[in-house]
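Each of the two complexes below includes chain A, the first together with chain B, the second together with chain C.
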Partner chain A sequence: MQKNALHILLADDDEDDRLFFKDAFEEIKIQTNVNFVHDGMQLMDHLMNTDNKLPDILFLDLNMPKKTGKECLIEIKKTEHLKDIIIAIYSTSSSEEDIEDTFIQGANIYIKKPSDFNTLKKIINEVVTVNWHYHTSGLNRDNFLLRLK
Partner chain B sequence: MKWIPNFNSSNSLRVIFVIAVFILLFLSSIAYKHNQDLNESSKVVMHTYEINIQLERLMSAIKDAETGQRGYIITRNARFLTPYIYSRDKVNTSFITLKKLTADNPQQQENLQKLFKLITQRFVSFENCLKYSDPKTYDKRKLDNHMFGGRILMENIRFKVDEMNDIEKTFLKTRLKIYDSEISLSPLFSISLFLVALCFILLAYRQISRDFERLKVFNKRLLISSGLIAESESIGNFSTWQWDLDADKIDYSDNQYRLLGHEPNSFVPNKATLLKFVHPDDKETFASYMDGIVERKQLPFVYYKIVRPNYEVRYFKTTAKIVTDQQGSKILLGINFDITDEHLLNIELQERNKELEKSNKELASFNHVASHDLQEPLRKIQTFISRVSDADKAVMSDSAKNYISKIESSAKRMRVLIDDLLLFSRTNTTKKEFIKINLNELLDNAESELAEIIEEKKAVIKTNKLPKLSVIPYQIEQLFINLIGNSLKYSRPEIEPEISIISEKVNSSDYPEILEQSIKKFHKITFTDNGMGFDPQFKETIFILFQRLHSKTDYPGTGIGLAICKKIVENHKGHIIADSTLGKGSQFTVFLPD
Partner chain C sequence: MKLFIKFDINTICSLYLKQNLEQNNINFTTLGFGEIEIEDNIDAEALDNLKTKLAPCGFEVVENQKSVLVQKIKDAIIELVFMDDSNNYKSSVFLAEKLNHSYGYLSNVFSEVTYSSIENFIILQKIERAKQLIIINEMSLTEIAFLLNYSSVAHLSTQFKNTTGITPSAFQRIIKKRRENLK
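Moving on, here comes the complex of A and B:
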């Protein structure tokens, strides 16, 4: 583990998606530290446990067993020491309702799971390298959903 | 409320009658008085006449005595003395009568007294004449004196009698004059009064006959309207009832009996009658409603069920209102509606609505399934294929490589299909929030969405100023994307696509067959392209879901795009039509309400 490495946490119940995610991070050659949780309960336990370092970016799937992504999002934003974590929604759904809801609840970006590995790599690269301070200050309903240029 | 015609004339009629009766009473009292006066005056005439006769008799008796005395003095025959002897009695009789007759007149009494004195003197003079003419006591000088004195006395008597007669005559004259003056004025007066009374009576008669005519007309109208009401009650399934609160009398209209399942007038309704028909479930509510009826002037509708004698349950709706009639008695007017048919229809509609809601929910959950669960495995297939790197492909057989590429294109097609289907169902199920927005803004968004293909095809899009409308923004944007995308997709090879978008305001009355007439103004937005066009016979079917005019291999598509357009326009209460000339271009016209 490298000291300056970016801490990434992915909460997703799908084993294949976790695999794609892991592979993609390995290929983009940025110093990162990627951890995985399998459901919402596990995610909240992980975050509440003070032994664990808080992630710099949390990739959050919406459709998860035990506790859904939206529930986790609301809880995180309510918790004082967690509310500043950058949250990227990472979901298959691209429904207006989901995008609207998570935007209102304070997520930083919405990523629709791509159906192409190379696109996934591009997306991850984009998200990891973005200047979050700048992005968050100019965040609005239109640039919330990530579109690759 | 003026529900009884006002016959004002009845009051004036009364006045006219009272006046006429008074005039007649007055006239008859005048006539009575005249009669009395006439009677009185004839009595006065008779009175004067009698006095006159008696005086004349008195006079003639004295004259008889004088004549008899003269005859006796000349002849000395005692037979001549007979009238003289009787004359005394006659004079006395007349005197008594005269005294009675003039009892009411002191002046005449006085005259009578004087006359009596004169007559007595005259008789003394007679005696003296007889005395001095007797040969035994004959004295010529004294006889002459007495004869002469008798003569003077006689004249005095005549004078007195005349005076008395004159007094009576003057009295008569003045009485007659008074009477005449009274009677001379009255005939004209009473005739005119009589005429006035007659006029009044005629006037009253005319008013009465006029009122009769009006009554007849009103009666006829009443008859017609009551017939009409009865007819409309039975057609409209409602009935009326009146409850005279003061007399506590309830009247049902014929249809009220029928609605309750009885023949008209088959029973006498009272306060408790209606409650007997009310369904046990609603008895309590209805009873409290009826109790509250009198305190409140106007009542809201009450809904309840009734049970007919044949156990049929009907649904009723009732309202009532208190009115006060011209006599000041309070009447409660009520209307009952039999709303069974509407009620049952309503229940059916509600059930259907529930079913619809249910199927809508199912559709929404299908939406979710499609968006998530169907896409999940597809996305994985695609991602796994993308993981097959070029290095892997190099060691594959040609057929394997071919299969991989087939899997890839099929998966891609499936993705488009799912996305389009989702889009289509979402245009129906997601929230429809109308926002007033400039359509040019939405068109700009659509163009930037299509920027890649516009650039690739070197397409030119010309547009005039689009209106600002209240729309569901993302749907209209989708509409623009689909229509422009369609034109770009079916452009003619070698020819750079040109799309013109023109908006104008039109009246719905100009398009009676396709536009909602309750909305007056529409915006007609026409999309014209120079593409390959289509056979105009398909201009209707082109909007049907999954209808495709081209083979999949020539033009990839799902046959959903235009169906989405139609749905979006319908969501906005608008209309979309298509027209085309094959090989020259197509025209899509969208009508959106102002």
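Moving on, here comes the complex of A and C:
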């Protein structure tokens, strides 16, 4: 499908969630390269360090120590070289307020953390496929909003 | 002052491509569908040069035959979805006639390369057009549903919600607030 593996970064403080996420990415057909950070501070350090390749999609947990996902989102959208990264919120919250608010702040995708592995795989597959269409088919990224349960 | 600008992606792309090729002194003819025939032999270095120059705007030289066909399918779908009389065509017939392959073959190649189906891609494009029309805010949802060949507003709303996870009105509200937020 594409020559280079897709670059994925997950910011999440929960170790089980990170493992679950990693396994799901290993089982989908599309080739990916998954990296992790454990909190908001570490995420911003990672993104600001120009030695690191920027992710194609950033999965962002809202509830993290040191710096919350929402603070990171706002900071990323204000930073010139980061503001075009596709951001998928990956959260346990399903409050309509959180969802709408993160979309308004510039998130592209909102995923309610699923409790079973197959749903997660299905969701990840959909995110990666739709993202790829946006990447290759001249779709307008400003209009890219996707909510998955 | 706020202006909404309509533009034609095809024209922009062809124009940009033409200017770049001319700047590089390359003689060429366009064959449509993003296909270009270069008249003289150009060396690998000049070709690489051109690729690097075009890359920042998202242009990419497609090298694999199946990917070429998939790109043609996508272009034809976009053409169909953005036509104003698209109601007159059945998509499978349109694609088969346009690309001179059976729909079954096209559908297999598309799924093999993209891991998704032609039907899904058509829906994605229709919803994309609906989004643009909603943002421009000149038409009611009923008019948009008719233009895009949905049997009813409910049908459009359902497909919009299934594709994006949010309703058309939530979409409109979010984009509006996001813009205000950017100011």
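The rule we apply is simple: the second predicted complex is superposed on the first by the 127 of 149 C-alpha atoms of A that agree within 3 Å, B and C clash if a C-alpha of one lies under 4 Å from a C-alpha of the other, contacts with A are read in each partner's own complex, and residues count from 1 in each chain.
Heads up, the rule we're going with is that contacts are C-beta pairs under 8 Å (C-beta built on N, C-alpha and C of every residue); 3 or more make two chains touch, one makes a residue touch a chain.
Keep in mind that this is a model prediction, so the values were computed, not measured.
In the superposition on chain A, A:Q31 makes contact with neither chain B nor chain C. Look at A:G106: by the touch rule set out above, it reaches chain C but stays clear of chain B. Contacts of A:N63 after superposition: chain B is touched, whereas chain C is not reached.
Look at A:T79: by the touch rule set out above, it reaches neither chain B nor chain C.
By the touch criterion stated above, A:N118 is placed in contact with chain B alone, chain C being left untouched. Of the two partner chains placed by the overlay, only chain B lies in contact with A:S95; chain C stays clear of it. More residues of chain A lie in contact with C than with the other chain of the pair chain B and chain C. Residue overlap on chain A between the chain B contacts of one complex and the chain C contacts of the other is empty. Against chain B, the residues of chain A that register as touching in their complex are 14, 16, 20, 23, 63, 92-97, 113-118, 120.
Remark: chain C residues 9, 58, 74, 78, 113-116, 121, 124-125, 128, 131-132, 135, 164-166, 170-171, 173-175, 177-178, 181 touch chain A in the complex.
Of all the residues in chain A, the ones that touch chain C in their complex are 1, 29-30, 100, 103-106, 110, 125, 129-130, 132-133, 136-140, 142-143, 145-149.
In the complex of the two chains, the chain B residues touching chain A come out as 371-372, 375-376, 378-380, 382-383, 386-387, 411, 415, 426, 430, 474.
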